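Labels for the chains are A, B, C, D and E, by order of writing; each one numbers its residues from 1.
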Amino acid sequence: MIRTLYRPKGGSPVLELSSEQFAEALRDKDGLLWVDFQGEPPEVCEPILLNTFGFHPLAVDDALQESHVPRVDDWGQYLYLVLPAIVLDNKDGVHVDSLELDAFLGGNYLVTHHDQPVASVDQVWQSYLRDQRHLEKYVDHLLYRLVDELAAGYMAVIEELDDDIEATQDEVFEKPTTDTLETIFMLKRGLIALRRILTPQREVLNKLARGDYAVIDSQDRVFFRDVYDHLVRMHDITESMRDLVGGAVDTYLSIINNRMNDIMKTLTVITTLFMPISFVASFFGMNFFGPVASLNDWTNTPAFLIMLGITIITPMVMLLWIHRRGWL
Amino acid sequence: MIRTLYRPKGGSPVLELSSEQFAEALRDKDGLLWVDFQGEPPEVCEPILLNTFGFHPLAVDDALQESHVPRVDDWGQYLYLVLPAIVLDNKDGVHVDSLELDAFLGGNYLVTHHDQPVASVDQVWQSYLRDQRHLEKYVDHLLYRLVDELAAGYMAVIEELDDDIEATQDEVFEKPTTDTLETIFMLKRGLIALRRILTPQREVLNKLARGDYAVIDSQDRVFFRDVYDHLVRMHDITESMRDLVGGAVDTYLSIINNRMNDIMKTLTVITTLFMPISFVASFFGMNFFGPVASLNDWTNTPAFLIMLGITIITPMVMLLWIHRRGWL
Amino acid sequence: MIRTLYRPKGGSPVLELSSEQFAEALRDKDGLLWVDFQGEPPEVCEPILLNTFGFHPLAVDDALQESHVPRVDDWGQYLYLVLPAIVLDNKDGVHVDSLELDAFLGGNYLVTHHDQPVASVDQVWQSYLRDQRHLEKYVDHLLYRLVDELAAGYMAVIEELDDDIEATQDEVFEKPTTDTLETIFMLKRGLIALRRILTPQREVLNKLARGDYAVIDSQDRVFFRDVYDHLVRMHDITESMRDLVGGAVDTYLSIINNRMNDIMKTLTVITTLFMPISFVASFFGMNFFGPVASLNDWTNTPAFLIMLGITIITPMVMLLWIHRRGWL
Amino acid sequence: MIRTLYRPKGGSPVLELSSEQFAEALRDKDGLLWVDFQGEPPEVCEPILLNTFGFHPLAVDDALQESHVPRVDDWGQYLYLVLPAIVLDNKDGVHVDSLELDAFLGGNYLVTHHDQPVASVDQVWQSYLRDQRHLEKYVDHLLYRLVDELAAGYMAVIEELDDDIEATQDEVFEKPTTDTLETIFMLKRGLIALRRILTPQREVLNKLARGDYAVIDSQDRVFFRDVYDHLVRMHDITESMRDLVGGAVDTYLSIINNRMNDIMKTLTVITTLFMPISFVASFFGMNFFGPVASLNDWTNTPAFLIMLGITIITPMVMLLWIHRRGWL
Amino acid sequence: MIRTLYRPKGGSPVLELSSEQFAEALRDKDGLLWVDFQGEPPEVCEPILLNTFGFHPLAVDDALQESHVPRVDDWGQYLYLVLPAIVLDNKDGVHVDSLELDAFLGGNYLVTHHDQPVASVDQVWQSYLRDQRHLEKYVDHLLYRLVDELAAGYMAVIEELDDDIEATQDEVFEKPTTDTLETIFMLKRGLIALRRILTPQREVLNKLARGDYAVIDSQDRVFFRDVYDHLVRMHDITESMRDLVGGAVDTYLSIINNRMNDIMKTLTVITTLFMPISFVASFFGMNFFGPVASLNDWTNTPAFLIMLGITIITPMVMLLWIHRRGWL
C-alpha cells in the first residue's frame, strides 16, 4: 500500500497522488508531502526512491533491508532514519519484537517505509487527516510527531514488562518453579532487545535535538529534545529493570536452597528420632532372648487391631502434614 | 492551594496576592515573588503559567505531568526545573517514593508547583516568613535554600536505608529467613529508585554551579556548588550501599548452605552410627536361630519397663537437642 | 600460490604477472594491481614485499607473522592492514578460529597475504574476474569489497553461535547435564574470541570511514562507514549474547538445585512415611512378647505367597515411578 | 588545643602565639605560620577562622562539620582542603575509620583543624621542631609533608588489610565457618570505606600537582605529583583486593558445597551398603519360618557377648572415623 | 655489579669504565654509554646517580626503592622509567612476581638499575656485545630493544598462564577438587598481578610512541608503537583470561551441585526401593503371629549359608558399583 498526503503551498491537502505527481510536489518548496510505503515489495519502492526522490543507492538499500537498529544518516539534502517500533508478543511467553520503520526527511517531504503496519504511523496519519492545522507546520514537525508516538509506544512496552517483572518477583517469593526461571530468562532477553533499540534511538534523537542537520528547523529542536529526555528516562528505567531481573535469579536460587534446608531439617529430625529407638526394638528382637509368657497380653488380638490402626493412620497423618507444608 | 509571597523593591512583604497582581509584581524587576501551587488542578495552574508568566507550552506541560526525573531546562528568561523530593514509605516494607516538585526561576520570581505537600517547601516558606532578611537576597538564593533542604531530605532517607541495611546484614548472619531476602530485595529496589533521582539531580546542581544560566547570580554559584558536593557524596554512599546489598544475597546463600551442611552432617552421623548395629540386631533376629533359654532375664518385665523408658525418653532428649541447635 | 590481477590504465585486465612486471604495473598510477599471496613461505614473500613494493621492514615483519588482531597502520604512501577472517570449527564442540589476512593498500595496488585459503578473498577475486566493471573503480573500492565480504563472514558465524545459544538454553531448561555446561563454556570462549576480533576491526573501519588516510578516496568513505555500522551492530549483538550465556550458567545452577529439591522431597516423604511404622513393627517383634496362636492364619503359606508377591512387586512399581520422574 | 609555629622572615621560630599575634604574622608575607586546632569546640575556632584569617563562611562551616570526603576548594587567596586520615579499628573485627583533617593553605600560612589527634600531623610537627631547615621552605612544602605522611598512613592500613585478606583466604580453604564469611563481609566494607577516601584524595593530589592553584609553588608540583602517583598505585591495589574479596565469597560457597558433597557421599554409601542386607535379615526374621534348632550355637551366651561387643565398638569406631574427617 | 659499555663518537666500544670516566663519556654528545647497576647497594649507586649524572633526588629515590609500577617521568634532559620484568614462580602453585628495572634515558646514555638479575637486560647486553652495529644507532634504540625483550618475557608468562587455565578448566569438568579451586584462585591472583604491570606499561609505551619526549628520536617512535601494539594485545588476552577464570568458579559450583544431584538420586532410589519392603518384613516379624512349621525349610542350614553369602556379597557388589561411579 502506498498512501500519500500532500499540502501544496497555501492550498488544501490532496490525498493519493500518483507517483508521477511526486516530482511536481517535490518542486513545491513550501508544500508538504508525506509518502508512506507499507508492505510494498522492493520492486515497487526501489525505482520511486532512487529515481523520483533521487536517494543514494546505499540508503535505499538500507531502507529495503531490515536492520532494526535506529540510526540517522545525513545525506545533505535529506536525512535517512531507521526508527523501529517496539511491540510485545504475549503468546507463549513474553517476546519483544521490533518493526522496522525507515524514513527519509527532506526539506518539504517525508517518506516512510515499513513492511508491517505500524500503529504509531497510523495514529499520526489519522491526526493529520483530522486536524489540518498540523499540515501548516514544517515537515520536521511531522517527524517529531512520529518519533513522539514511537516513544509513547516504547513506554507502553516498558510498563508492561515492569508489571511482568513485579509479578515474577512475587512468584519467586511465593512459589518458585522452573517456569518462573523461564519467565525471568525471557524478561532478560526482552530487556536486552529493548535496550538494543533504546540506546541508539536515544542517540538519534540527541543528534536531531542538537541541530546538526539542515533539514531540522532550529525552532523545532526543543521538541526533539523533549523526546530525547523521554528516551533517556526510559533507558534508565530499563537499566534498573535489568538490575532487578538479574537479582531475581540470585533470589530464586537462595529461596530454593532455603526450601531444601527446611526439607532436610525434617528428614534429619525424623531420622534422628526413630533410628535410635528402632535399634532398641531390633535389639530385643534377637533370638538370644526367649519369649517370656508374662507379657502375652501385649500381643493378643485387640492389641493387634490397635497396632494395625496405628500402622494405617500414622502414614496418613504424615501425608497430610507434608501436604500442608506444600511439598507435594 | 496557591500561596504567594511578594517583597516589592525596598518594601515590606505582602502575602496572598491575587493572580491579577502577579503581572504587576513581575514588572517590579528588583522585587521578589514566590508563588507556590500545591495540589491545584491543571485547569487552575495552566492559564496562570501560560498567560501571566508566559512560560513555553512544553515547559508547562512538563510541569503539570509527573516525570520524577530531575532536570533543568534553560528557556532564556527563566529556568524550568524538576526537583523531586524523596520520602520513605515504611508501612509494609521499605519503599522509596518521590514527590515531584517543579520550579520556574526567573530574574525576580520563583514559581513552585507540586501535587502533594512537600516538607522542604514548607520549611523554606516558614523560614522566609520568620526571618525577613532572607527576602532581601536575590531570588536564586531562594532556589538554593530549596535545593539545600531537598538534599537534606535525601540524606535523611539515605541514613534510614543505611540503618536498614546494617540491620538486615545482622539478620543474615544471625537468623536468615525468606523475609530477610525480601527485605534485601526491597532495599535494592529502594537504592535503585534513589539513584535514579540522585544522579540527574547532581547533574542539575552541577549545571547551576557552573554558572551557565543568566538567572543565577555568579556570587551565588558557590552555594549551589556546596549542594552539588553534598549530592556527589550521597551518590557515592548509595553506590557503596548497593555493593553491600548485592553482597548480602551472596552471603545469604552461603549461610543457608552452611546450615544445610550442619544438618546433613547430623543426619549422616546418626545414620552412620545406627545402620551397622541395627543390621547386627536384625541379623540375630532371624529364625535360623532358636531362642536360647539362658538369657531370659533380659526379657522379663523389669527389663521391659527399662526398655520402654529408653524408647520414650530417647526421642525426647533428641528433640530437645535438635531444638537447642535451632532447627525447629 | 601468488596470483595477480592487473588492469592497466584504460586497458583490459592481465592475469599472472611475473614479479618483475610488478614494478612496471606500480608505475602506472591510474592502473589497478592486486597481488594475492596464499600460503607462500616468508622466503618468497619477503623480498617482493621489501624490494619490489618497498614496504617498511616492520610492516613486512608483521605481515609474515601471525597476530590475528585487526589493525591499520598508516605508512604514508600505503596502509598496512590486518583483517582476520573468522571461521567456525564445529568438530568436537564449537571453536571460533581466525585466519589472518594481511593487506597493503597503495594508491594503485592492493597486496593481500594469507597462509590458509580465505573464502572472502576468493569470492571477491571471482567477482572481479566475472564482472570487469569492478576493475574500473579505484583500488580502495576493492578493499571495501574485501572488508564487506569479511563482515558478512563474521555475521554468518554470529548467527550460527546465536542458534547454538538458543539450543543450549532450551537444553538447560529441559535436560541439563555436564555436557550442557561444557557447551556453555565453549560458547563463552567463542564469544570472547569473536569480540577480540570485532572490537579492533570496528576501530579499523571507523578509521577508514573517517577519511584519515590519503589512499582512501573521500567518495568511498561512505562505503566503509556502512561496513562500520554493520560491525557496530554485530558488536552489540555479541555483547547481548555474552549476557545470555552468562545468565545460562546461573540458570543451570538454579535448575539443578530445583531438581535436587524435588529429589530430596521424595526421599523425605518416603522416610517420613515408613520410619514410624517400621518402628512400630519392630516394637512388637521384641521377645518380651510371646507369639499368640490366634493369628497363625496370617503366617500360613498362602499369606507367605502374597507377602512374597508384595516384596517383589513393590520395588518394581517404585522403580517404574522413579523412571517416570526421569531420575534414572 | 591550639598550637602555633611561626618563623618570621629571616628570623628564628616562635611557638605558641596568641590569636592576636596571628594577624601580625599573616602580614609578614615571607614568614611561615602554622596554626593547628585540635579538638577545639566551634565556638573557639569559628571567630579566629572567620575574622582573623578572613575565610569564607561556607568554608569555615565545612571545616567545622565532619564530611570525611577529601576535597580541595580554591578560594583565590587560599585553598580549603579536606584530607582525612585513615585508621584501622581492630577490636571486634576490622573497621576502617577516617579522621577528618581540614586545612587552609595561604601564601604564608597553613591552618589545620581536626577533632581527634592525627598521628601524621604530630609527626610532621615534631620533624619541623627537630629540623628547622624545613621552616626555610615555602609553606606548600609543609602541606606536601602532611599529605605524604597521610598517604604513608593509608599504605599501612592497606597492607594490614592485605594481610587480613590473605589470612581469610587461607581460612576459606582450610576451615570455612560463618565467622569467615563475617570477616569477608567486614573486609569488603573496609575496602569500600577505603576507596571512598582514596578516589577523591587522588583527585585532590592530581589538582595540586597540575599546578592549578596560585598558592602552590610551581617547583613543588613535582612533589605533589609523587604523592599522586603513590595514591594511584594504592587505588589500584585496593581494586585488586576488592576483586579478591569478591572471589572469596564464591570460593566459600564452592567449598561448602564441596564438603556437603563429601558428606552426602558417605551417607549414600552407608545407606547403600546396609539397606539391602538389613532387608535380607528382616526377611528371615518373619514368623512364616519357625526357628530351627541346628544353629542354636549362634545364639548362645558367648556369641551374645561377641555381638554385644560389636554393637558397642562399631559406633565408637564410626565416631572416631567421622571425627578424623573433621565433621564433628 | 656495575658494568658499562661505551662507544665513543666514531670509535670502537670500551667496556668497564671507572665511574670517573663516566663524566667524560657523558660530554661526548655523539657517543653512546650504557651503565648497568645490578644488585648494588644504595650507598654505591646514589652518589653516582646524583652527582655524576645529576639526576633529581626524587627520581634517584624512586629508582632505589621498589615500586614495581611501570611509569615514565620526564625530567627534561632525561627520562626516568620504571620497567618491571615479569617472572613466573612455579614452585608451590603459580605466582606471578615482578622484578623492578629502573632506567634513565638521556640523549647519549642509558642507565639501568635492578636488584636481581633480569634476563632481558642480559640478552640485550649480549646482543650488543656480539653485534656492534647496534651500537651505531641512537641510544633510544637501545631502550626499544630492552622494552621489546621485556614484552617478549611478558608474553611467555601469559602463554604459560593460558596453558594452566586450560588445564584447570579440563580439571573442573573431569575431577573437580578443592585443589582445583585453589589453583583457580591462584590464577586469578596471577592475572590481577599481571594486569597491574601491563596496564601502566602499555601507557608508558604509548607515551614513548607518541613522541612527547625530546630524548626519543622521532624516527624510532614507530618501534615503540610496535611494542605498544603488542602490549595492547597482551592486555586484551589477559582480560579474556580473567573472564574465563571467573567463569570457571561458577562452573565448578555447577558441577559440584550436579554431582550431588547424582548422589542424592542414588540415595533416594535405594531408600525408596528398600524402605517399603523392609517394613513388610518387619510387619510379619511381630509376635502377634506364631511361627508356622510348614516353611521350616527356608530356615535350614543350606538356606542359612545362601543367606550368609548374599549378606556378604551384596555390600561388596554395591561397593564395586559405587567405586565405578567414582564416589570413593
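Note that in this section a contact is a pair of C-beta atoms (placed from the backbone, for glycine too) under 8 Å apart; a residue touches a chain by one contact, two chains touch by 3 or more.
No experiment lies behind these values; they were computed from the predicted model shown.
Taking the definition of touch as given, a chain qualifies here only if it contacts subunit B and subunit D alike; those chains are A, C, E.
Among the remaining chains, those touching subunit D and also subunit E are A, B, C.
Between B-D and the choices D-E, B-C or A-D, the pair with more than half the same contact pairs by residue number is D-E. Of the two chain pairs examined here, A-E and A-B, it is A-B that is joined by more C-beta pairs in contact.
Between the CA-based centres of subunit A and subunit C the separation comes to 27 Å, rounded to the whole angstrom. In whole angstrom, the spacing between the mean C-alpha positions of subunit B and subunit E is 44. Those residues of subunit A in touch with two or more other chains are numbered 250, 253, 257, 260, 264, 267, 271, 274-275, 277-278, 281-292, 295, 299, 304, 307, 311. If you draw each protein chain as a dot and join the dots that touch, every dot ends up joined to every other dot.
Those residues of subunit A whose C-beta lies close enough to touch subunit E in the complex are 285, 291, 299, 303-304, 307, 311. Remark: subunit C residues 283, 285-288 touch subunit B in the complex.
Listed in rising order, the residues of subunit E touching subunit C in the complex are 169, 173, 222-223, 226, 229, 232-233, 236-237, 240, 243-244, 247, 250-251, 253-255, 257-258, 260-261, 264-265, 267-269, 271-292, 294-295. If you check the complex, the residues on subunit D that touch subunit B are 56, 58, 62, 67, 69, 71, 176-178, 181-182, 185, 188-189, 192-193, 196, 246, 249-250, 252-253, 256-257, 259-260, 263-264, 266-267, 270-271, 274-275, 277-278, 281-282, 284-287, 289-293, 295-296, 298-301, 304, 307, 310-311, 314-315, 318-319, 322, 327-328.
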